[in-house]
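Think of it as A, B and C in the order they're written, each chain with its own count starting at 1.
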Amino acid sequence: MSEDDRARDRRRAAEALLLVTEEPLVPELMAQLLEIPKADVEQLCTELAAEYDATDRGFQLVKVAGGWRFQTHPDMAPYVERFVLEGQSGRLSNAALETLAIVAYKQPISRAQIAAIRGVNADGVMRTLTQRGYVDEIARDPGPGQAVLYGTTPSFLEKLGLNDLDELPALGDFVPGADVFETLERGLRPEAIAEEQAPPADEAEPGSDDTDA
Amino acid sequence: MSEDDRARDRRRAAEALLLVTEEPLVPELMAQLLEIPKADVEQLCTELAAEYDATDRGFQLVKVAGGWRFQTHPDMAPYVERFVLEGQSGRLSNAALETLAIVAYKQPISRAQIAAIRGVNADGVMRTLTQRGYVDEIARDPGPGQAVLYGTTPSFLEKLGLNDLDELPALGDFVPGADVFETLERGLRPEAIAEEQAPPADEAEPGSDDTDA
Amino acid sequence: MSVAVETPVFQGPFDLLLHLILQDQVDLYEVRLSDIVDAYLGQLERLESMDLEIATEFLLIAATLIELKSKRLLPDDGDVDLDEELALWEERDLLLSRLVECKTFKDAAVAMAGIANEAGRSYARTVGVEERFLGLLPDLLERTTPDDLRSAFLRAVAPKPVPHVDIAHIHQIRITVTDAVAELMHELPGRGRASFAELTADLVDRIEVIVHFLAVLEMYKQGWIDIEMPEIVGGLEVVWLGDAEVADEDLAFVDAYDG
């Protein structure tokens, strides 16, 4: 068998495996099944993805949560949504999203810490997120209380279509600008009465970015 | 939009739909979703199938049971077999086990009721359990919706080493929350048959329904 | 100053504070309790299903604001304790940093929702293997015992720690502080005096009682009633002061009270 034939066979085998996997197919398993080095798996999949892209397929091969999977092309969403009914059921409430953001950026984190940031008890929301499989217990606080510490799961990455947590935008990007600081500060100052209106200063010079501690 | 663009769009939409369909996609439905005549669907799919063939893909588009679906190329069967044998964890996920337990203790039960108890859509898990032969449709809700009701199979009992459902471990004095009972009751009580009692009595029938505090 | 009570999202104390402070550019100390209550009630009517968490959040907001505002109402006796003053500033700094942190995550959540929405336009293939391979699948129940199944069931139906309290009926509450004042103005002249417990005896919802309590405070402030507490740990007695002819129009400003 020529080298070309072997390459073609590997490509075909990869396509077959990707077709039947129910979860993103991790490179380790693919490497083992195809009997090639892991690095070659990455190259093979990257090439396949590019090929589907170049030939305008209605599906894509993408790396999500550490593995490769077939998914429909976002352009085709209107057609697929008509067909797949579950589209909207996966929506999260604002409270859930905010809590999820806190967990995503501050993991590992305890419920008490989350509650301290949100200002309200987070137990109900955390339960929803756990049931949905977006967060999970990932450790125990070594301190006296041994509080359960939470983190995000691979399902969370899948939900966001991300391969890795690194792909989340930096938290520093969201730290409010000086204008917001000032408005907030003024709002909390008893003697600051209406005499002075907040000038809507223009776009945020990023304030201090030390809130991602 | 040129005729070519429209044709390309239809092809892409067809690929997207075929990628996510669980059952072979019947031409009638495809025609409706793509807004083209049924005859065009057949032509489109035939062309697509030929294209995959010509480009040596590891998957095929085939017509099965009156509908079209993607499946792995027969040449790639050895790889898929190894994937099935080596790739799976060999253990039910927690979500699947919980769903199976709900069916076991509360049968006959509809998907909607299961989803209401678990708080998440149970369709994917139910499909797995059905495929594995652990649960099956056992009846229809006599109410207006005619919902399919599920129960466990003889093979399930066998796997667990039980002769009869009576041998399931007693739930003891555990009393499920009132919300669970309400869910079950509401689901099984389409206005028409208000008398209908919930699932076959089990040891857990609560003495008190006052657990919602 | 008019505060828009239209709060598109009502998510908790910081949310509300942020909203009022940022969007309406309102001094926290001028936030009117009646607006909070009205916004809350309005929100309840809009929500399709209520969450106990939101209800508790409201109580927390109300309590916080009442505390802040009551501090402000207390007579200023001139000699301010420096420690107290410092503590107050510290408290403010703390609140400020929490507001900033809260806003940071709120914005991060919005960005995340955008990412999730974009990702939601793609649907993963989860069809699995074809039937001809199913026979090869290992038996997933091999290591599962009947007791595992029992535990799984108990786990699945365990009363959810968020108590499922049916508060659907709150949707029907349409009472505002003004309504409550109007009601009490109708009720009290005939009675002369009544305990707060009596006045609220037929109210079903705690929130209605809260609204009535706010109404009593308002009426006290307006000088229409007196409030007595015969026993230290007893209930409140509300005494009508008899200046009976307060026309309905006069009530229009009640909602705008800045107490």
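Just so it is clear, a contact is a pair of C-beta atoms (placed from the backbone, for glycine too) under 8 Å apart; a residue touches a chain by one contact, two chains touch by 3 or more.
This structure is a prediction, so every number in the text was calculated from the model and none was measured.
The central chain here, found by comparing per-chain C-alpha centres with the mean of all protein C-alpha atoms, is A.
Using the average of C-alpha coordinates as each chain's centre, C ends up farthest from subunit B. Averaged Cα coordinates give subunit A a centre that lies 27 Å from the centre of subunit B. As a whole-number value, the distance joining the C-alpha centres of subunit A and subunit C reads 31 Å.
Centre-to-centre, using mean CA coordinates, subunit B is 40 Å away from subunit C.
Among the residues of subunit B, those in touch with two or more other chains are 16, 19-21, 70-72, 80, 83-84, 118-119. Taken residue by residue, subunit C touches two or more other chains at 123-130, 133, 160, whereas all remaining positions touch fewer.
Across the interface of their complex, subunit C is touched by residues 19-20, 22-23, 59-60, 62, 64, 69-74, 77, 80, 84, 87, 90, 92, 94-95, 97-98, 100-102, 104-105, 116-121, 123-125, 127, 158-162, 168-169, 171, 173-176, 180-181, 183-190, 192-194, 197-198, 207, 211 of subunit A. Of all the residues in subunit B, the ones that touch subunit A in their complex are 8, 11-17, 19-21, 29, 33-34, 56-59, 70-73, 75-76, 79-80, 82-84, 86-87, 95, 118-121, 123.
Within the complex, the subunit C residues that touch subunit A are 1, 9, 11-14, 17-18, 21-22, 25-30, 51-53, 56-57, 60, 72, 92, 95-96, 98-113, 115-116, 118-130, 133, 160-162.
Those residues of subunit C that touch subunit B in the complex are listed here as 123-130, 133-134, 136-150, 152-160, 163-166. Of all the residues in subunit B, the ones that touch subunit C in their complex are 16, 19-22, 70-72, 80-81, 83-85, 88, 90-92, 94, 96-102, 104-105, 117-119, 124, 128, 131-132, 134, 156, 159-162, 167-169, 171, 174, 176-180, 211-213.
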